[in-house]
Structures are given as structure tokens and as C-alpha cells.
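Questions regarding the structure given below will be posed in turn.
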Amino acid sequence: MVLGKIVGTVVCSTRNDSNIGATYLLVEKTDQTGKKKGDFLVALDLIGAGHDELVLVTEGSPSRETPFTTEKPVDALVVGIVDLIDDNNKIIYRK
Amino acid sequence: MVLGKIVGTVVCSTRNDSNIGATYLLVEKTDQTGKKKGDFLVALDLIGAGHDELVLVTEGSPSRETPFTTEKPVDALVVGIVDLIDDNNKIIYRK
Amino acid sequence: MVLGKIVGTVVCSTRNDSNIGATYLLVEKTDQTGKKKGDFLVALDLIGAGHDELVLVTEGSPSRETPFTTEKPVDALVVGIVDLIDDNNKIIYRK
Amino acid sequence: MVLGKIVGTVVCSTRNDSNIGATYLLVEKTDQTGKKKGDFLVALDLIGAGHDELVLVTEGSPSRETPFTTEKPVDALVVGIVDLIDDNNKIIYRK
Amino acid sequence: MVLGKIVGTVVCSTRNDSNIGATYLLVEKTDQTGKKKGDFLVALDLIGAGHDELVLVTEGSPSRETPFTTEKPVDALVVGIVDLIDDNNKIIYRK
């Protein structure tokens, strides 16, 4: 999984993914302290991640492994909102 | 998913993909404002994306998760035509 | 899918892939005009792509989605021989 | 598989992965001698890898191939704790 | 598939992959002439590739498509030992 921050949303009216209702979020990848890296991806969000929250994103085929995304053409999914990251027992990120 | 603009088409007469009728599009990846990055991929299109439109492309195995692409050797699929992208509540792309 | 030109063949006598008879081709990736990029991969070919032909290669798991490659450990497959590519309605590659 | 060292943990309270109880570890990729490369990923751990241990991480879809991760949106899994690596019959890493 | 040379082995006592008995090999990626590139991966070997042999490695999900690796968390598999590579009808590698 990779870490990223929610920076925006992507709206598509013509869609081919059967995910009616779920939101595509614009995610900027970050390092483990939450510092943005200038590298973006678009991920589907089902857990209501808010603007500027640090999230964990699963990429590729495993993104389909939720009841909602099964058999959908989704290749990036927000799987967790990060509360805390420690590095060598030192807290380096806290929500 | 990644963002890209439709820049052309790729025509193959000898094919091994059983996707008779669908079009391979030449897609140039863009950043979140629609600015082209000089990096290209070929994606299958089933929703009629037009020239120079900004689209959302799913890569890898999830590309097979439509009724049309199931059990086909497709690794990139146009899943949405982008209408609008906002970054930090500011609209940065509008169709 | 990515574009590439057939530059050679790879012969293996000890194999673990049950693809008896099919050929592993050495493919050099190209840009959309067919210009070689110096980046190589090995892809399975089932449609008889010839030397120096521009082909479309599917990567990863979808490579298994043909009757011949199903349940085989293949991660790159030639899915089409390119006849023509246009960019902004200008033909940039013709076989 | 890639080699990496466990450098921390990632705690998420809001989760979408049904992996209640398993830990997300912050893993820094290493070379074959265990030297850190400054490149991080987040992997699920089911075998109790400890801080600073060198581990083998499987990426992508195969991460789901354990009884615990089956049908879960996990794209990186610790599959082994490395005891020893030899390069050309010389031991280059020992736990 | 990618080309690489066997440079060593990786031994793990604590494992989560149910591949008891199979060997993890340290593989250094090579170009098409067998020249090493300084980029390493760990692949499972089931065909007895020996030290310094040039092999073909399948990456990702298709690695599971052998009777032995099915439903195992393996993302890289040695699928062939290379005997010969030709580039433009000139032999550029021979075992």
C-alpha cells in the first residue's frame, strides 16, 4: 500500500465502471511523515476520507476486493485513514 | 487510475484479443490540470471518448472487469470522461 | 498496452510454463511513431509477429486471457500487429 | 519479491479492508545486503516481523493468497523473515 | 517476462507462503546480452536454475499459474533457463 493525502476530487459524468455514487479522489502521494511528493493518482473512496487526510491506498487488482468494488474496473482504493505512523518507536505522523 | 488525454488511435488488423469492434486509443498521460506529460499508453475505449478529451484510465487486471472486456487480454481501459477536477476546492480542470 | 518492435527471439529448453510451441520474442519498446527506446521485454507471441514489426503488448495478468495462455505463467503477450497510428488525425506510423 | 526492513507501523482506525487485528508495517526497501534505499511501502504482516528485521515482501495480487488475506484489498504482504542471503556463495547478509 | 542471472539464494525460516521446499533465488536483472544491470529481485525457482545461469522471470499474478505455486503469495517465478537469444538474426547470447 502507498501513503497519500486527499487533495481533490475528479468528477466524470460518462463512466464505464458501474460505481455509481462512489467518489474518485485526487490523491497526492506522500512520504511516511505525510510530506507530499508531487506524484498524483486517482483512487476510489468508500470510507469518506476528507480533504487533506492521510490515507492508505491499495493499488491494482486487490482494489476489487470489497463488496462494493468486486467485478469493477477499479485499480486504486482508499483502504484506511491513517491516525498514526511510528518510525523506530518515534511518532512521525499523527492525525 | 491515471489521467490522460486522447491523442490518437492505434489500428491493428491482426489481433489476438477478441475485442472486435472496440478501439485502441493512444493516450498521453497528463497531470491533474490536464497538462500533457509526454508519456503514452494504449487503452481500450468502450465509451466513445473523443479526441483531446481528458479521461480516467484503469490499468492492469481490473481492466477486464466490464461485460465487454471480461476474459480479454486488455491491460488499460478508459473508465470515465472527466468533467471537472478540483484541488483544495479550487477548480483546476473543467471540460 | 505498450508499443514495441520485435527485435529477436529467446530460446529456453528448460521451461516451467507449459507453453510448448509458442515463441518468446525479444521486444524493444517504442514510442508512438515506432522509434525504439532502448528498453526491452520478453513477450509470448501467438499471432506470428515478424522481425521488426510494430506490435501491441499486454502486460501482467491479462496476458493469460487467451485460450492458449489461460492458467500459464505468462506476463507479457503480443495482442496485435499495428498497421497504423494516428496522432491528432495525422498518420504518424504506417506498416 | 522485494527485500525490506521493518522501520515502523501504520495505525488506521477507519479501515476498509476487513483485516481486523493484522498490522500494517512501514517497510523500507533494501538492497541484497540489507542496506536501506530510502524507498518505503506499507505491507501487511501476519508472521510477527519485528523492528529492523529484514523481510521478503510480495507485491500486488498474490498478496491475497493466504487464508487470512483472501478476498481482502491488500497489495503488499510480508511473506518471510530473512535469515541469510548469499551472493556467489559468499554470505552477504545474516540475521 | 524479464531476463536475469541467478546470483544467490535467500533463506527464510519464518515463512508465510506455504512453499516448503522451493528456493528463493536472488536474481540480478540483465539486458538481452546477459549483462547485469545492478537491479535485483527475489524469485521462486522450481526448475533448478543454477548459479550464474540466465533465466526468464515472470512477475506479478501470473507467477501463481503453476501446479506448485497456485494459491501461493508468489510474485516472481523463474519460468525458463535461457539457451540462446538472437537480435536481428545475430546470436547475442548463448548459454
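In this document, chain identifiers A, B, C, D and E correspond to the written order of the chains, with residue numbering beginning at 1 in each.
Quick note on the criterion: contacts are C-beta pairs under 8 Å (C-beta built on N, C-alpha and C of every residue); 3 or more make two chains touch, one makes a residue touch a chain.
The structure displayed is predicted, hence computed values, not measured ones.
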{"item": "Common touching chains of chain D and chain C", "value": "E"}
{"item": "Graph distance between chain D and chain E, where chains that touch are linked", "value": "1"}
{"item": "Other chains in touch with both chain B and chain C", "value": "none"}
{"item": "Computed distance of Cα centres, chain E from chain C, in Å", "value": "20"}
{"item": "Inter-centroid spacing, chain C versus chain A (mean Cα positions, whole Å)", "value": "33"}
{"item": "For chain D, residues contacting two or more additional chains", "value": "60-61, 63-64"}
{"item": "Ring of chains, enumerated from chain C in the sense that reaches chain E first", "value": "C, E, D, A, B"}
{"item": "Chain A residues within the chain D interface of the complex", "value": "1-3, 31-32, 46-49, 56, 58-66, 69, 77-89, 92"}
{"item": "Sites on chain A touched by chain B in the complex", "value": "7-17, 24, 26, 40-43, 51, 60-61, 63-64, 71-76"}
